[in-house]
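What follows are several structures.
One chain, subunit A, appears in both complexes that follow, with subunit B as partner in the first and subunit C in the second.
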Partner chain A sequence: MAQNASTLFEKIWDSHEVLRNGADGPSLLYVDRHMVHEVTSPQAFEGLRANSRKVRRPGLTVATMDHNVPTTPGERRLPMADQTSDLQVRTLEENCREFGIRLFGMGSPDQGIVHVIGPQLGITLPGATIVCGDSHTSTHGAFGALAFGIGTSDVEHVLASQTVWMQKPKSLEIMIRGRMSGPRAVTAKDVILYVIRKIGTDGGAGHVAEYRGEAVSDMSMEQRMTICNMSIEAGARAGLVAPDEKTFEYLRGRTYTPENYEEMVNVWEKTLRTDSKASFAKRYEIDAGRIAPQVSWGTNPGMTCDVTEAVPDPAEYGDGDKSREDSARKALQYMGLEPGTPMTEIPLDRVFIGSCTNARLEDLIEASRAVRGRKIARGVSAMVVPGSQAVKRSAEEMGLDVIFKDAGFEWRESGCSMCLGMNPDILMPGERCASTSNRNFEGRQGAGGRTHLASPVMAAAAAVNGHFVDVREMDMQDGAV
Partner chain B sequence: MGGERNRNVSDNNAVTGGVIKYARDNIDTDVIIPGQYLKIHDYAELATHAMEGLDGDFHSKAKNASFIVAGRNFGCGSSREHAPIALAHSGIKAVAALSFARIFYRNAVDGAFLLPIEIGEDAYEGTGEGDVVTIDVKAGQMRNETTGRRYEIKPFSEIIGKIIEAGGLFRYGMQQKQQKQQQQQQGS
Partner chain C sequence: MEPFRTVRSVATPLDKINVDTDQIVPKQFLKLVQRSGFGKYLFYDWRYESVEGGSGGASVVPRPDFVLNHPRYKGSAILVTGENFGCGSSREHAVWALADYGFRAVIAPSFADIFYNNCFKNGVLPVTLERGEVRDMLKFGGDIEVDLKAGEVRMYSPGSTAGPSHVARFEMEPHRRTVLLEGLDEIAQTLKYEKKISEFERKSGLAESAIPSLPPDKPLRA
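Let's look at the complex of A and B:
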């Protein structure tokens, strides 16, 4: 092995390591971008205040409110109906004012889910270290950044020092070879669900995953974000994709794209890639051509199958692993499912198109293809929650809002919404939902709620049919879109 | 509140207490503390909702218990620090699991909320609901007082041990700074 051959992750790590504690670490890493939201930051600011500390680099810190803001048009103002949410939102406003942090507040045209607005505003950059008190920070890895979620104690540490302690993870290669069988029916969401299903919810533990291969190169930036977003669901510390011309083009001319951007691109083009002789500590290889549209049947994202399959038998799923079998049995009990039931025969109550995984413009365009000229099925209620106000405006300019509303969908303001049920958008106990979000954990979308994870086009098709269908067989019209 | 969320595990002494056992893998932060409660700033109130997504009786059980014993990948999911805080404020001193999701582990340590103890299959299988166990980090041991069996626990890495001993990341950092200053003064 060549002496200096490194993976992309190692290069970013090395260029941000301020110091290492002993030979084996942990290391203190410099943080280039810190994103803050209302739920995991109040105690961090309180800690600063209690110790008379300032924010070390307010200019590298941005904030938005996304987790508990109402998404119902007309309700996005203070005071909010929910008093505890109201307090969190006001606290973030006060903290940003006091500590000099730029805030994209509830009324801002740039408000949105933190992982949607970072790239959209040009705050996310290749080669950067990016942290946020949110596990889906891994999303930004799509730009070749090292981006990971931290807890509130670490948020306080980053606010105070612009650094974070971290034990160096190992490099993991996830090679996705070949091309998808139906490029607009099998999506990035299906790829990542399939990956998690194959490698398990802790398959990436202790590692930073680099997604490689033709299927990844072919993907748009928004699709790469979907993949990197769910890296955490495979237990990985972060996920990333080496930047290419698509990456650089995406960030050109955005509101906060640096002035010397082209100079930076010249450097990134030469440096931000894994050397051909670099070695990964672990590798997985996936054949993209084998991936069908995926639907989760259980209570973690690894409990997923092809839409053409049936709810598995726990014993078969366990395959001799008692703990795995037990988990599947408990999951089916919670989900109210019987083994052997075809995935396409499970009736749905709700459809949620939203979240930092799948609420960008392309996601809404793809979902609209299954909806145009159709009506949602009787007994189903469905909503679209755009990932940011900018996504919402763009979608409206394209007339997507009309397509969804004509079909019977609710068209909302942006926020995290029913992905995690912190605002009023929740499932009722027993309700079954097709969701484009990232987690199907018990109670995630509301106590007793049952979540089936799927892609935007799959969720949209499920809304018009009342159950999942194989979108490869569905007649979809692009119309004016 | 911010500075004193919980510092009740800042010593390396052995702790004895009852066990609440969840014989399952992938206990995620959404069941440890469901999202709707992340708005609660009062930790005692937050604690009343701990594990609500999995076990409605947890809060009352925790009055007579100090430990949770669970399977693989404990604390997977969200980065919410409310998860270890809610458990700690319910009286949980340590979670003994086959493995931990990274952010939960880190949050538990950085805030010194509770001890994340990695155990082997033997200890996991050999410990049941209601057993009384002693966790002795210094001795690297978990003793099941009910059955009389002893198990090895995975030792903390040096720095994690130090952060826990100091009572969290900030206290550790301040200690380091003070030590450095003292060394400089002695040197000059």
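Let's look at the complex of A and C:
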């Protein structure tokens, strides 16, 4: 028995392997769910047309538009002001019509960031293989699905064959022991930033990470999505959490939850977990109790420290590694920061609460706690961009929009927005932003823009203070107006 | 796809680690609906000054200190760089930009997984070598030759007409090697397995926990 023990990842992989090309070669994996958006799909559909190919299983594919769409209320109509975005959006509409693919378009009540709407509509399911031409597809792993990002050529390949070639990754265990200190002040975002800081931006390369331990079991589905979302930032091919009752409950009664769902749950309960004797190729262990609120200071998500710390010295950060030291030096230059500056003393210009990492309802509820009854600091402009139209509606029913607007935040329509600034929401050169998104790469939020990654409650607290604060020491209030 | 042929040229050294795909091709250039023409946007924000809103317009000038702008590396077909090259976004536009610019091979101690995979779809060879060897190549001024068939990277000292001064060996998974060497259309290859895919669908569809198609009776609400 012991030699047949498998990890959760291996079980899902094995049950989706159509064939393998030689003993050590890549496998042809069957894809259960394919999600498509406007930016990485036009060339794929064009390829199908050029070769007179059709979509093999249109019923397993869904599309939405999220990257380019304006989030300014009243601007969500065609033609869009940006002609190239307009063309991409129209191209997706035409492609979906031609190939018979379900589209949640700009005007749909179900529109939203692809990784927010998948789970919300019950399209994401445990044990499924899920792909999308987007690296943050790893988000769906929170449901015990094997979910990973692919390039456009593979989008075309999946459309044509419902399969994808992949070299089997190894299993990685990320054990997060204990409980988080500072309830609701230290969040899933802090956990994953801390993990990336510890294991590095390539610590998970070639692996599928399974997050385990009490801290993970304690997390809500929204929080699990946040940690799985940023698995790619640690270089992992995908991130996973074994499904439990929270997972099954989350998906009950959603628009696309299958009719025989309870029978499926009965099977999943028995099968979708890592066997006790299974072995991981690599393991990391993190003590949740040691994690403080995190803020990034550099130009990749691993360049992160506790909010109570100061901007590091590149030589110390490099720790004898010249390339690492150089990259820290260049990062500080880009970020306009001096070593030794306390993180809480860096003045901010902008605050962005949004993205597939942190724009679900719970994220907005947590952020609102730091904002209620307060005003954003002078000189700061801040916006909330809900992850989907459904999130936006729920938040408005709770009165969260009023809390944010009263404080001086802009309350927007749903989309990827300033996480990557493909739509008009961008930073100006030199502007410094607290962002709940996933990447602080150079120019990510706008050429010359400076991004500090943080949790929703940390970003919200930064908006009202004009700089980061340790939210463990802040008075916060629950409830809507 | 064009078959990969042995390539020899001066190697462009990009001595940075963790180069993300946002740097390889910034987001403002992802709005094209075709695969061609991305070369001019390669490393855009590093290559040019005054960038935002620019699309190759007159207000944009090359940064003389960036390696791609150095006349010495004009026409180079080989990029040598640091660990974890191509991390971040899955955008295949990054590989399209490298290929369109003229790079046929990228040499690094490690690559991010999605980027690595995307290379093979576009006839670009990613070569993984030991860190020390890559460091030597970053400092090397001569020609480098990448030979996939032999699994070799050969370094030729400048001015020398003798054989290579150093030969580094690399491994390549056989399926991927074949795809590159023969320039195969991967989809056409896969569709030869159509029967196996159908058989898989039939068998796996019998399981109680089979993932079903989205119910056709629940169309869009909009």
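Going forward, the second predicted complex is superposed on the first by the 477 of 481 C-alpha atoms of A that agree within 3 Å, B and C clash if a C-alpha of one lies under 4 Å from a C-alpha of the other, contacts with A are read in each partner's own complex, and residues count from 1 in each chain.
One rule holds for everything that comes next: a contact is a pair of C-beta atoms (placed from the backbone, for glycine too) under 8 Å apart; a residue touches a chain by one contact, two chains touch by 3 or more.
Being a predicted model, the structure only gives us computed values, none of them experimental.
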Exercise. Is this a clash or a fit when subunit B and subunit C both end up on subunit A?
Worked result: clash
For this session: Examine A:Ile123 and indicate which partner it touches, taking first as subunit B and second as subunit C; both and neither are also allowed.
Result: second
Problem set entry | First, second, both or neither for A:Ala447, with subunit B first and subunit C second | both
For this session: Pick one for A:Ala50: touches subunit B only (first), subunit C only (second), both, or neither.
Result: first
For this session: With both structures superposed, pick whichever of subunit B and subunit C touches the larger number of subunit A residues.
Result: C
For this session: Please indicate which partner A:Tyr284 is in contact with in the superposed arrangement: first for subunit B, second for subunit C, both, or neither.
Result: neither
Exercise. Which of the two partners, first being subunit B and second being subunit C, lies in contact with A:Arg237: first, second, both, or neither?
Worked result: both
For this session: Classify the contacts of A:Arg33 with the two partner chains as first (subunit B alone), second (subunit C alone), both, or neither.
Result: second
For this session: Applying the touch criterion given at the start, work out whether A:Leu420 contacts subunit B, subunit C, both or neither, answering first, second, both or neither.
Result: both
Exercise. Given the touch rule stated above, what does A:Tyr256 touch, subunit B (first), subunit C (second), both, or neither?
Worked result: second
Exercise. Overlap of the subunit B and subunit C footprints on subunit A, residue-wise?
Worked result: 21-22, 24-26, 39-40, 42-43, 46-47, 51, 67-68, 82, 84-85, 87-88, 133-135, 149-154, 156-157, 165, 167, 201-202, 205-206, 232, 235, 237, 300, 323-324, 326-327, 330, 420-422, 426, 439, 441-444, 446-447
Seminar exercise, completed: Within their complex, subunit C touches subunit A through residues 15-18, 20, 22-23, 26-28, 30-35, 45, 51-52, 82-84, 87-93, 95, 110, 112-114, 117-118, 121-122, 173-176, 186-188, 190-191, 193-194, 196-197, 200-201, 204, 207-209, 211-216, 218-222
Seminar exercise, completed: In the complex, the residues of subunit B that touch subunit A are 1-3, 5, 23-26, 28, 30-31, 34-36, 38-41, 52-54, 71-73, 76-81, 99, 101-103, 106-107, 110-111, 157-159, 168-170, 173
Exercise. Okay, in this complex, where on subunit A does subunit C touch?
Worked result: 15-16, 18-19, 21-22, 24-26, 28, 30, 32-33, 39-40, 42-43, 46-47, 51, 53, 56-57, 59-60, 62, 67-68, 82, 84-85, 87-88, 91, 102-105, 107-110, 123, 125, 127-128, 133-135, 148-154, 156-157, 160-163, 165-167, 169, 201-202, 205-206, 232-233, 235, 237, 255-256, 258-260, 263-264, 266-268, 271, 300, 323-324, 326-327, 330, 420-422, 426, 428-429, 439, 441-444, 446-448
Seminar exercise, completed: Within their complex, subunit A touches subunit B through residues 21-22, 24-26, 39-40, 42-51, 67-68, 82, 84-85, 87-88, 133-135, 137, 149-154, 156-157, 165, 167, 201-202, 205-206, 232, 235, 237, 300, 323-324, 326-327, 330, 420-422, 426, 439, 441-444, 446-447
